[in-house]
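Next, two complexes with chain A in common: one pairs it with chain B, the other with chain C.
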Partner chain A sequence: MTTQGTTATISQPLPDIFAAQAALKSPGLLALAWRRFWRDKLAVVGTAVLLLLGLMALLATPLASEVTHFQPEQIELLGNLKPLGWARTPERPAHWLGTDELGRDVLTRIMFGAQVSLFIAVLTVALTLTIGTLSGAMAGYFGGVVDMIISALINVLLSVPLLFLLILISAVFRPPWWGLAIVLASVSWTGVARLVRGEFLTIKVRDYIEAARVIGSSNPRIIFRHILPNATSPMIVAATLQIGGVILTETALSFLGFGVQPPTPSWGNMLTNAQQYLFLAPVNIFVPGLFIFVTVLSVNFMGNGLRDALDPRLKQ
Partner chain B sequence: MTKYLIRRLIQSVPIFFLITIIVFSLINFAPGGPTGDLALFDPNIKPEDIARIRASMGLDKSVPERYLIFVGGLLHGDLGTSLIQRGVKVSDMIAERLPKTLLLTGTALLMALLIAVPLGVLSAVKQYSLLDNLATFFSTAGVAIPSFWLGLMMILLFAVNLGWFPVGGIYEVRNQTIEAGDVLWHLTLPAITLAFISIASWNRYIRASMLEVIRQDYVRTARAKGLAERLVIFRHALRNSLIPFVTLLGLSLPGLVSGALVTETIFSWAGMGRLAFTATTQRDYPLIMGVVIMASALTILGNLAADIAYGFLDPRIRYD
Partner chain C sequence: MDPLLDVRHLKKYFPIRGGLWQRHVNDVHAVDDVDLAIMPGESFGLVGESGSGKTTLGKTILRLSEPTSGEIFFEGRDICKATHDEMQGYRVDMQMVFQDPYSSLNPRMKVKDIVSESLLIHKRTKGRETLERVRELINLVGLMDDHLHRFPHEFSGGQRQRIGIARAIALHPRLLVLDEPTSALDVSVQAQVLNLLLDLQKKLDLTYLFISHDLGVIRYVCNRVGLMYLGRIVEIAPVEKIFDEPKHPYTLALLSAMPEADPDHKVQEIVLEGEIGSPINIPRGCRFASRCPAQFGRCHVEDPPLVDTGDKHMVACHLHPAKDAT
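Up next, the complex of A and B:
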C-alpha cells in the first residue's frame, strides 16, 4: 500500500511534497509500533496467555458452577490433600488439580486467586502510575524544595529493603485484599516518578515550553499538555514491566501471611498452608507457584515487546 | 576523594533519619496505636489499666517528644525492650541475629557474583552461542520465579525427595557443638535460593556492559599488541565493564535483604528476616522498629560501600 502511494506521487512531473510525505507516513507511529510488537512472537504469546488468565479470572464464578462444579470455599474434610483428578465417587465431579488441606478444590481456588492477584496487580500499577506521574512531574517541573522532598522520599524507598517496610505497613493497617494495592503502590511509585522527573528536567528548558509560558499557559496545562505526552511511551513500558514485580511482591506478602487473608484465596496464601503439607501433597506447592511463574513470565514478555515496539532505540 | 567520602556520608544521614521518622510514624499513627490490641486480648481490661500501661511505655507523652526519646536512645544503641520477651533488649536480639543474616546474604552475594560474572562474560564473548542462548533463557525464566516458590521446590526436591540437604535451620540441634561443615551444609539451599534471582539478572547486565566494552578501541589495541585473548577479556575488558555493575550491586542490596526475609522464613534460618517476620506476627512493636531500622541501615551502608568502591574503580569520576 505504501509503495503504491509513493510510486504514484513520484510519477507526477512536479511531485507534491506534502502528498508524498503523507503517503510515506501513512502507517502512523502506533501502526508501526503495533507491527513491531506483532513480529515479536514471545510478546504475542505472552499477551495471549495473559488474556486467557484474565478471562479465567473474570469468568471465575460461572466457570466454578459450570465447569469445575466446586466453590472456592467449599470444604470437604474427608477429601483433603487428594491428588490430581481425584473424585469421591466416579459420578461426582473430579478435582482436576486435587484438593488442599481442607478438601477445597485447588483449580477453583486458583481461578478465584487469579481474580485477586491480577486485580491487585492492575490496581497497584494504576495507582503507581498516578502517584509516580504526579510526584515526578512536580519534582521535575517545580524543582527547589518540592524536588528536594520528593527526591529524598524516592532515595529512602530505594535504599530500604521494601519487604520489611511492607510487612510493617500491612501489619499496622491490616488492609482488606483490595487495600493491598494501596500498600504496594505506596512503596513502588519511585520507578515511574524518577522516569517522569528526568523527562521533565530535560524538556522544561526547551524553547517551546518557554513559548507556551509566554502565551500565558497555566502550569497544569504546560505539565499535562506540553511535557507529559513526551513521557507516555517510557511510562507505559515501565508500568507494564512493573506488573511482574508487583505480582511477585503481593504473592510473597500473602505467602508470609501479611497480604491477602484467608479464606480469600490468593496464589500466594495458597502456598502458605501447602508448606505444612509438603510431605503429604507436594503438588499443592507446585500448582499455585506455576501460575505465578507463568503470569510473571508472560507479563515480562509483553513488557519487553512493548518496549521494543514503542521505543526501538532502547532495544537490547 | 576524602571530600567525596565525607559528602557521601553526610548524604546518607538524612536518609537514615527519614527512615526512622517513617517507621516511627507508621507505628504511632496505626489505628489504636501500640496498645490497640490490649482490649482484644482481654475484653475486661479497665480504661485506667490501659492508661497505666500506656504511661509505663511512655505513651502519655506527645508524639514529637516520644520520637526524640526514641532517636536519642537509638543513637546510644538503645532500641528499647521487647514487648513479648519481657525485659530482653531489642539491641541484644538484633546483635544475636545479625551475623546469621550477614552469613546468609554474604554467601548468596558471593555465590551470585562467582556465577553471574563469568556467565555474563562468556555470554558476551560468545554472543548468540548455545551457552548465550541458554543463559538468556535461564535469566528470563529466573527473574519470573517467585523466590518463596523456588525455596519450597528446593526443599521438596533436595531435602524431602533426595535427602541431600536439611529442610531448614542453621545447624543440627542434636550436635553438642556447632561445626563449620554442618553450618555450610545447612546454608547451601537457602543461599542458592537467595542468590538465584541475582544470578539471573546480573549476568544479563554484565553481558550487556561487556558487549559495549569489547567494541572499544583500547580493547582492539590490546588485541593488536598480541595479548592473549584471555588477558584481553579478563584484564582489560572486564575491569571496565564491572564499573557500572558496582552501582547496580549497590542498588540491588535492598532487594537482597528483602529476599533474605522470605528465604529465612522458609528455611527457618534464625536471622534478621525471620526476626522481622515473627516480631510483626506478634506485633512486638519495639522489635519491629529496631529490625526495620537496622535492616535499612545495613542497606544504606552497603550502598555507601558500593559508591566508594565506584570511586576507587573509576579514576575518571570527579568528586565535585
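Up next, the complex of A and C:
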C-alpha cells in the first residue's frame, strides 16, 4: 500500500498559477444568454416589433388624439367602408387605413384593439404562470396524492375540447375583458403546470436539494429558492410562446362573438365585422389579420430565440 | 466514553410497487439491520462496493430518508423520534459533504449565499457578521475572498468540493458525513481535499463518517473501518487491523483487489465469482455465501451475526466465532 506515501508528498497546497486568470471575471449566465439571444436576428427583430406594438397599445389614447385625430368609436357619417387614405375633405385628417362598416377609423381601432388583445394576452399568461407554477410545483415536489389529484385534473382539462368549453363559459357569464383573461387562464394553465411538474421531478432529486435539506431548509424555501430559480428558463420560454396562442384564442372567441364585446374594439371582433363586407372592403379584413399574424409570428420568433439563449442544451 | 453516534438495528427498505393498483410487491433492502457506533473525534470509514447501501446508510443517519426501523442515537438521544422542529436542532450538529461537487451546489446561487444559507436558517449570525463568518469559512477551506461573489460554474471540481465543505462546516457541526467526497476528483486534487479534511478535523474537533469505496483513501483518513456488503456490516476493526489481519473473506477479497504501486509485490488475488447479490431477494443464510471462497454448509442456512472476536475486531462470519467475554 503506497497511497499513503504518494498523497503525503503532495500534501502542500499547489501554488495557484491560474490566480491571474481566475481574477478575470467570467461572464455570468445572463450575459451569456444575452449574447446568444443577440446572435439570433429573427428573435431580435421579433422582440423589436413586439415592443413597438406594446408601445402602440400603451400610448393608444395620446396617439389617437395627436396622430390619427380619431376616437375608436367616432363615426364618420356617410363615410363607411372607405379605402386607405380616404379623407372627407383635404383639410380633414385622413383615415390612413380606411374606415369600417360604421365609418370608424380602422387604424385607431387597431391601436385600441391592440390594447385589449395584448393586455388580455399578458394578463392571461401572468395568471397561467401563477396557477401553473403553483400547481405544477406542488404536484412535482410533494408527489403522492397531491400529484395524483393535480395530474388527474390536468388530464381531464386536456381532454376537453377547449374552444367549446371557452364558448360555453363566455356565453354563460359574458365576462368583461379581464374576466376573459381569467377564463382563458383557467383552461390554459395545464401546459405550464405539466412543464413545471416535470422540471420539479428532475430537479428535486439533485444533490443540491438534498444539501439544502441537510442544512435545514423548509419546504417553501426549497421550492422557491432552490428549485424554482433552476426551472425558470423553460417556463419563460413556454410563457412567451403561449402569448401567441392566447392572442389567437382570444381572436377566435371574439370572431365568434363570445370574446370582447362591441363596441370595444379587438382584433378578433374587427375581423368578424369585416367578413360581412369581404368583397366591398377587403382591406378591412386584411388589416387586423395582418396585425394578428405579425404579432403571433414575432412572439414565436422571440420565444424560439429565448429558448436557444436560455436553454442551450435543447439546441442541437 | 459514550459514542457520539450510535446506530442500532437500522433498516431502510425501499418499497417496490407494481401492478394496476401500485400494490406493495417487495422491498429493496438497502440497509438491513446495521449496528454502528462512532466515538467523538474519530474518523469512521465505511467501505463497500456499489449497491452495498453505504450511501443510503449515510443519508438515513441524517434522516434525509426516513429509516424503516431501528434507532439512531446522537449524543444519547434517539433522533428517529425527533419531530421536525427538534430535527432542526440536530441539523446544526450533523452535516454532510456530497459526492459530486458538480451537482451538489445550486447553480443559481453565489458562493456566499450557498455558504451562508445555513447560518441564516438557524439564525446564527446577522447582517455584517454573516459576511465575516462566510469569509472566515471560505478562507478556512482554502478559497479567496473574491470567490464569494461567483457562481459555482466558475470553479473547478476541487474548488467546488471546498465550497461544499465550507457549507457543511458553517454551523460548526459535531459530526460530518462525507459521502465519497473525493471520488469525483482527479487524484492530485483528491490529495489536497483529503488533507484539507484532516486539517479541519483537527482544527474544528470534528467526527467523520467517511464513506468511500477507495481503500487507499480510507487508510489515509480513518481510524476505524466498517465493511458493508449487501446492506449489512460484515467487519468492523481499527484501520491497521483491517489492513494487516483482515478476517472476513469479503475483506480479504477486497484487499487483494487493491492496486499496488510496487510491481514486484505479488499478492494472490482472490477473484470473486458473480455479482453482488440482489438486495431485493436477500438469500437465506450468510449474504456473502454464494460468492464466498470459504463457504461451507452452515453459511447457507444460518445468517452470522456481527460478533466481537477480540480486540475490538467485529466480524460477521461463521469462521470467526465470538471470543468469550470471560
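Quick note on the criterion: the second predicted complex is superposed on the first by the 285 of 316 C-alpha atoms of A that agree within 3 Å, B and C clash if a C-alpha of one lies under 4 Å from a C-alpha of the other, contacts with A are read in each partner's own complex, and residues count from 1 in each chain.
Just so it is clear, a contact is a pair of C-beta atoms (placed from the backbone, for glycine too) under 8 Å apart; a residue touches a chain by one contact, two chains touch by 3 or more.
Note that the structure is predicted; figures quoted are calculated from it, not measured.
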Inset, instruction - Please indicate which partner A:Pro93 is in contact with in the superposed arrangement: first for chain B, second for chain C, both, or neither. - result: neither
Inset, instruction - For A:Arg213, select first, second, both or neither according to whether it touches chain B, chain C, the two together, or no partner. - result: second
Inset, instruction - Could you tell me if A:Val160 is touching chain B, chain C, both of them or neither one (first, second, both, neither)? - result: first
Inset, instruction - Check the residue A:Pro176 against both partner chains and state whether it touches chain B (first), chain C (second), both, or neither. - result: neither
Inset, instruction - State whether chain B or chain C is in contact with more residues of chain A in the superposed arrangement. - result: B
Inset, instruction - Tell me which partner A:Pro229 touches in the superposition: chain B (first), chain C (second), both or neither. - result: second
Inset, instruction - Could you look at A:Pro83 and tell me whether it touches chain B, chain C, both or neither (first, second, both, neither)? - result: neither
Inset, instruction - Considering only the touch criterion stated at the top, classify A:Phe258 as touching first (chain B), second (chain C), both, or neither. - result: first
Inset, instruction - Once the two structures are superposed, pull the chain A residues common to the chain B and chain C interfaces. - result: none
Legend entry - Touching residues (chain side chain A, partner chain B) in the complex: 152-153, 155-156, 158-165, 167-169, 171-173, 244, 248, 251-252, 255-258, 268, 271, 274-275, 278-279, 282, 285-286, 288-289, 292-293, 296-297, 300-301, 316
Legend entry - For the chain A and chain C complex, residues of the former touching the latter: 1-4, 6-7, 10-11, 13-14, 23, 25-26, 28-29, 206-208, 210-218, 221, 226, 229-230
Inset, instruction - Flag every residue of chain B that touches chain A in the complex, lowest number first. - result: 14-15, 18-19, 22-23, 26-27, 30-31, 140-141, 143-149, 152-153, 155-156, 160, 208, 251, 254-255, 257-262, 265-266, 273, 276-277, 280-281, 283, 288, 291-292, 295-296, 299-300, 303
Legend entry - Touch list for chain C against partner chain A, complex: 59, 62, 64, 87-88, 91-92, 94-96, 98-100, 103-109, 117-118, 121-122, 142, 146, 150-151, 153-154, 164, 167-168, 170-171, 188, 190-192, 194-195, 216-217, 219-220, 243, 258, 260-262
